[in-house]
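Chain naming follows the written order as A, B, C and D, and within any one chain the residues start at number 1.
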Amino acid sequence: MPLLEIRQLSKHFFHLSALSHVSLSVEPGELLGLIGPNGSGKTTLFNCVTGVLRPSRGHVFYQGEDITKLTADAVYHRGISRTFQLIQLFPEMTVLENLLMAAQERTGTLFTRLLRRDETEETDRALKLVEYLGLSGVKDNLAANLSYGQQKLLDFGMALMPDPQVILLDEPMAGVNPTMIKALVTHIQDLNARGYTFVVIEHNMEVVMSLCRRIVVLSQGEKIAEGTPAEIHDNADVMDAYFGS
Amino acid sequence: MRGWRALGLLGGGAILLLFPLFLEQYKLYLASLTLVYLILAIGLNLTLGYAGQISLAHAGFMSFGSYAVAILGPLGVPFEGGIIVGTAIAFLWGLVLGFPALKVKHHYLAMVTLGFNIIVFLVLRNWESLTGGSFGISGIGRPHWGPLRFLSDRAYYYYILGWATLVVASAYWILHSRWGRAFRAIRENEMRAEVVGVSLRNYKLMAFAIGSAYAGIGGALFAPLLTYIDPGAFTLDRSIQFLMMVVMGGLGRFEGPFIGAVVVTLLPELLRASEGFYLIIFSLAVILMMLFMPKGLVAAWDWMVCRLTRRTVSPAHPPPPPEPAAVLEPE
Amino acid sequence: MRRQRILLVLAVALVAVAGMVLPASAQNVKLAIVAEITGGGAPVGAMWRDGVSLAVEDINKKGGILGRRLETFLMDTQSDPPTSVAVMRRAINEHPFAILGTVYSSSTVANMDIARQAGVPQITGSESVLITQKGNPNIFLTSFTQQIGFAKLVRWVAEDLKAEKIALIYVNNAFGRGGREMFLKFLKDRGKSVVADLSTEPQQADFTAELTRVRASGATHLMIYSHEEENARLMIQLRKLGLAVEPVGDNLCAQTTIDPGGEAMNGAKCHVPMTAASPVPSMLDVGRRFQEKYGRVPDHNGFKAYIGTHMVKAAVERVGAFDQAKVRDCLHNNLFTAAEEPGLLMDVYVDDKGDTDRGSFIVQVKNRKSEVIKVVGMLGGPYTKRACR
Amino acid sequence: MTDVLQLFVAGVSIGAIYAMAAIGFVLLWQTSNTINFAQGEFVVLPAFLMVLFWTVFRLPFAAALLATLVVSTLLLGLLVKAVLVERLLKMGVLPLVIATIGLSMLIRYSLQQFWTPLALPFPALFSRAPIRVGEVIFTREELMNVLFAALVIGALQLAIRRTKLGWAMQAVAQNRNLAAVLGINVSRLVGLTFMLNAALTAVAAILVAPVYLVKYDIGIGIGLKAFYAAIIGGFNQIRGALLGGLLVGLVETYSAAYISNQFRDAFALIMLIGVLLLKPEGLWGIKEEWM
């Protein structure tokens, strides 16, 4: 059984169709790439999966459960976390607080969250993550005061913090310098080896081709190709979609 | 810093406890009124400042507390019983009103709460058998514990001070829990908060209901301070007054309501010479403040603290996050 | 007469001596004006303030009270009851001899206990029954409560107009509601009731719903009791719909209703406690001077303030000393006449609750002006003067 | 039956006034996401200006109207936009809400303090001679109010649908950033709608004044009712203002006549809350989707 399965998903804004009848599945432990030109519906797909947007038609299944109509927080509780193309942080919280925030809802109930004050375990984990991502030096800075690259890393860290099963990365490398890209790629491969499942939207072809074993291509809201990096590389439709005919 | 804070707390506490002994009646009343407004402002700050939900029904919630003590007192219910009933009603109505808050966006929420306040006013006015209608209820009694009576203005000041301390402490306790962090997360980035598992429904309902409950407590203490209430005391105008108070103080800051409550009660005193121009000056001040100090007077407070302790605080206006495309890490 | 003159000379001499001994400020008697200067009550508060100021000026011109000049200070309640309590305490700190205000009854009910505790006599412009019902011996009305006002109004409607089918439209707040209770009560005392009993909102713009119900009730007379602009709007719409009812009221014939109401107001009849168009010469004179000085025709609140200030004067003079307890006592169950103190404008009787009884007027609006068509005597009486020394 | 029709006339004519004031809400919301809590005072100030030019300075009607239009467009349109909105727009909804509340108090209490706390008469523009149709009575004044509101709203709705300016407004309403990318000068457009709003409220003022009379505090009531109307009808469509205004007027009038006088103000509110919960885009609005 696939871990995450998307069936015939469509999304319209007014009369514009952002996604139409997209189907794909993600196997446990996979590292799937999602590519396509600008405006091809990749981010919309993420938004529909994570409950940020409600799809117009179609279904999303997670471990066999239909999660199409769940709100974003319920999707998170199932074990799916994500990052954002346009960085979404809590700007007036510190790096550490951002990370703690990303994990605090994972356990307990509403009322234990008010009553239980101890946070050593979570803080330990956050500190480890901070170190892992190389953010130790800025851990008490406000998120708003970080550099763009640091913000990207923090966003990534927030996705890891709750120890999810599936992580959806939306252009994690965009605007990041090459050294950091290398570090990120290593992080992702490392985590994937430890059993985390990834779906990565990425424009940097080089990175995608080396990182993923399977790639799905969207264009104008439709899935136009799916296969190994080599297959995608040789697919005429994909080249068409990217460079026009 | 910790030492400074403890010293400040001790000093503040000592002042609040001791200075009424030397105050004349008028200033004592102003101090009591400030404390009541403080409780109300803390409630609204929780709802609006921390959880980002605009409420124009605060005076309506306040009325539940006021009428509870005014109606139950003569029936022999102890004063604290009245406070609890009023607060519970405010809390429950806060929950009820919180539900539309989930479905509608900020400005619509302003309308829903505004409508609620007007309806509460109409019910208070028209339900004469319970509330005394437009004539209100007078001779509202003050609390007593056995032989200990809080009848005099000074004694009642201490009674209010007790409740205010309780409210401040409980608000501090809530805001320094995971709840407080979730409230801030919702305010700063609602969508992101939801994606990290924050149940908007639960937290928004709680922020609304707890904020309303504080209004209930404030209302319950307000009624015996005046000894007379009528529906006119709980109109939209008063809700707007609280809104101004919280915004002037500084939204989403713990110090905010303290500053707001003090300023709104003392400003008329400072501007007394202006006679008819008071409201004109006040409204001008509000506009100017939005233009030049949108974070509220707490920004000035931060500046003072910064000067006094010679310590850098986070700037009141964090620089905007850099534009994604333009910024690359230096190599 | 001769004795008075001697007394006067003596008093002046005394004051002159005192003036040399005492610092100048100690001579002056302070009066606190606590009123609605800002906020919704501003029109009312402004009238009240100016009425007191004019009275103080007149009194000082004639040598003050017992030779001491008056001075006033102003406290703004912002039309807000909690603030009125605060400023009342502030006023007491200045040790005034008496307090003049407040006019809003929700404020007066909240703040009158403070003046009582301080023992400073309070003259209020409020007319609500709530104020006299509390048994507060320190509060005095300058005009009669709705209780006395409506007793006189209903007597006129029933006896002079011989109205049988009366409809009532009132504004649904403490003011309108208080009037309604009294109106219904006194009608009931005469074995009558209204054929329609309709509430309206403050600031209501359209009254068609109420007026169609009045029409359906078959009423011949319509009692209108709301605030000035609402009265005016109501009258305009009443004329438009061509309702065949005779409009009667109280503040319906105030100049502040007639001005915005225009032609539609013609024909309205009212029972009013005081009016700038009164046949009493001193009242006309005060009205004229008020208008010269402040640029507007005084309404009943202006007159009330003027008279209230003179009530203090009359009582102090009857006591013969600035003794607050005695003055308070003197102002109960006592008759003060305009002959004795012209500033009272009309004879006034203050009862044991601080409520007043006084003559009043029936006026009719003709050509956008109210004209007195009848002078109504006091409700009770005859009353007698009581010495207070 | 006569009463039902008579009440209908009353509800529609007062509703037309609400509708006129509500258009501005819709306009400002569309281009600048501004909720103008001073909208009521935006109607009151021109009414006072009209009194000044017409009955105090004794200008001829047309000149007075023109002067009122010019002054209020400059004051409430340009000045407010340049001083308040320009700066506050970037800071989110709340500061602007508070600032407009402040502005409403400033206008209200300045008029009270510097002009008069009393109600001023305003001459009727159209004849108040009753016109009888059967038993139902109405006046030319009422007829003109309704016609005027319908005409203005219809014209605006058409203009927004058919003109380039209207197209720009719609684009800004739906996505401000995208609109900027498309080369629309958002700031100028916002300024333009503020001026348009000011001009419209000035016209509304002249219709409102003879009915409400001119007093510093009538704006509170007008502003609230217009707000209800805009939300009930649909905040994102001009035509919504007309529907909302008429509905509020009718509900108010009929409920006062047949259900309860004491709660007359509650019924429109209950309708408002119901609409917000069940159809938040308004009865005649279009569903908006963000992102």
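Everything below uses one rule, namely that a contact is a pair of C-beta atoms (placed from the backbone, for glycine too) under 8 Å apart; a residue touches a chain by one contact, two chains touch by 3 or more.
All figures in this text were calculated on a predicted structure; none of them were measured in a lab.
Chain centres here are C-alpha means, and the one lying farthest from subunit C is A.
Of the two chain pairs considered here, B-C and A-B, the higher C-beta contact count falls to A-B. Our note on geometry: subunit A versus subunit D, Cα centroid distance of 46 Å, whole angstroms.
Centre-to-centre, using mean CA coordinates, subunit A is 40 Å away from subunit B.
With centres defined as mean CA coordinates, subunit C is found 75 Å away from subunit A. Touching of two or more other chains is recorded for residues 38, 42, 46, 172 of subunit C.
Each of the following residues of subunit A touches two or more other chains: 52. Looking at subunit B, residues 125-126, 276, 279 sit in touch with two or more other chains. Taken together, the subunit A residues at the contact with subunit B in this complex read 50-52, 71-73, 76-77, 81-82, 84, 86-93, 97, 100-106, 110, 113-117, 119, 142, 144-145, 147-149, 151, 158, 162, 174-180. Taken together, the subunit B residues at the contact with subunit D in this complex read 48, 54, 100, 103-104, 106-108, 110-112, 114-116, 118-119, 122, 125-126, 240, 243-244, 247, 251, 276-277, 279-280, 282-284, 286-287, 290-291, 294.
Per the touch definition, subunit B reaches subunit C in the complex via residues 24-26, 29-30, 33, 125-126, 133-136, 138-139, 222, 225-228, 230, 232-233, 265, 268-269, 272, 275-276, 278-279. On subunit D, the positions that touch subunit B within their shared complex are 35, 83-84, 87-88, 91, 93-99, 101-103, 105-106, 109-110, 113, 224, 227-228, 231, 262-263, 265-266, 269-270, 272-273, 276-277, 280. Listing the residues of subunit C that touch subunit B in their complex gives 37-39, 42, 46, 74-76, 78, 81-83, 85-86, 89-90, 92-93, 106, 109-110, 113-114, 128, 130, 134, 172-174, 176-178.
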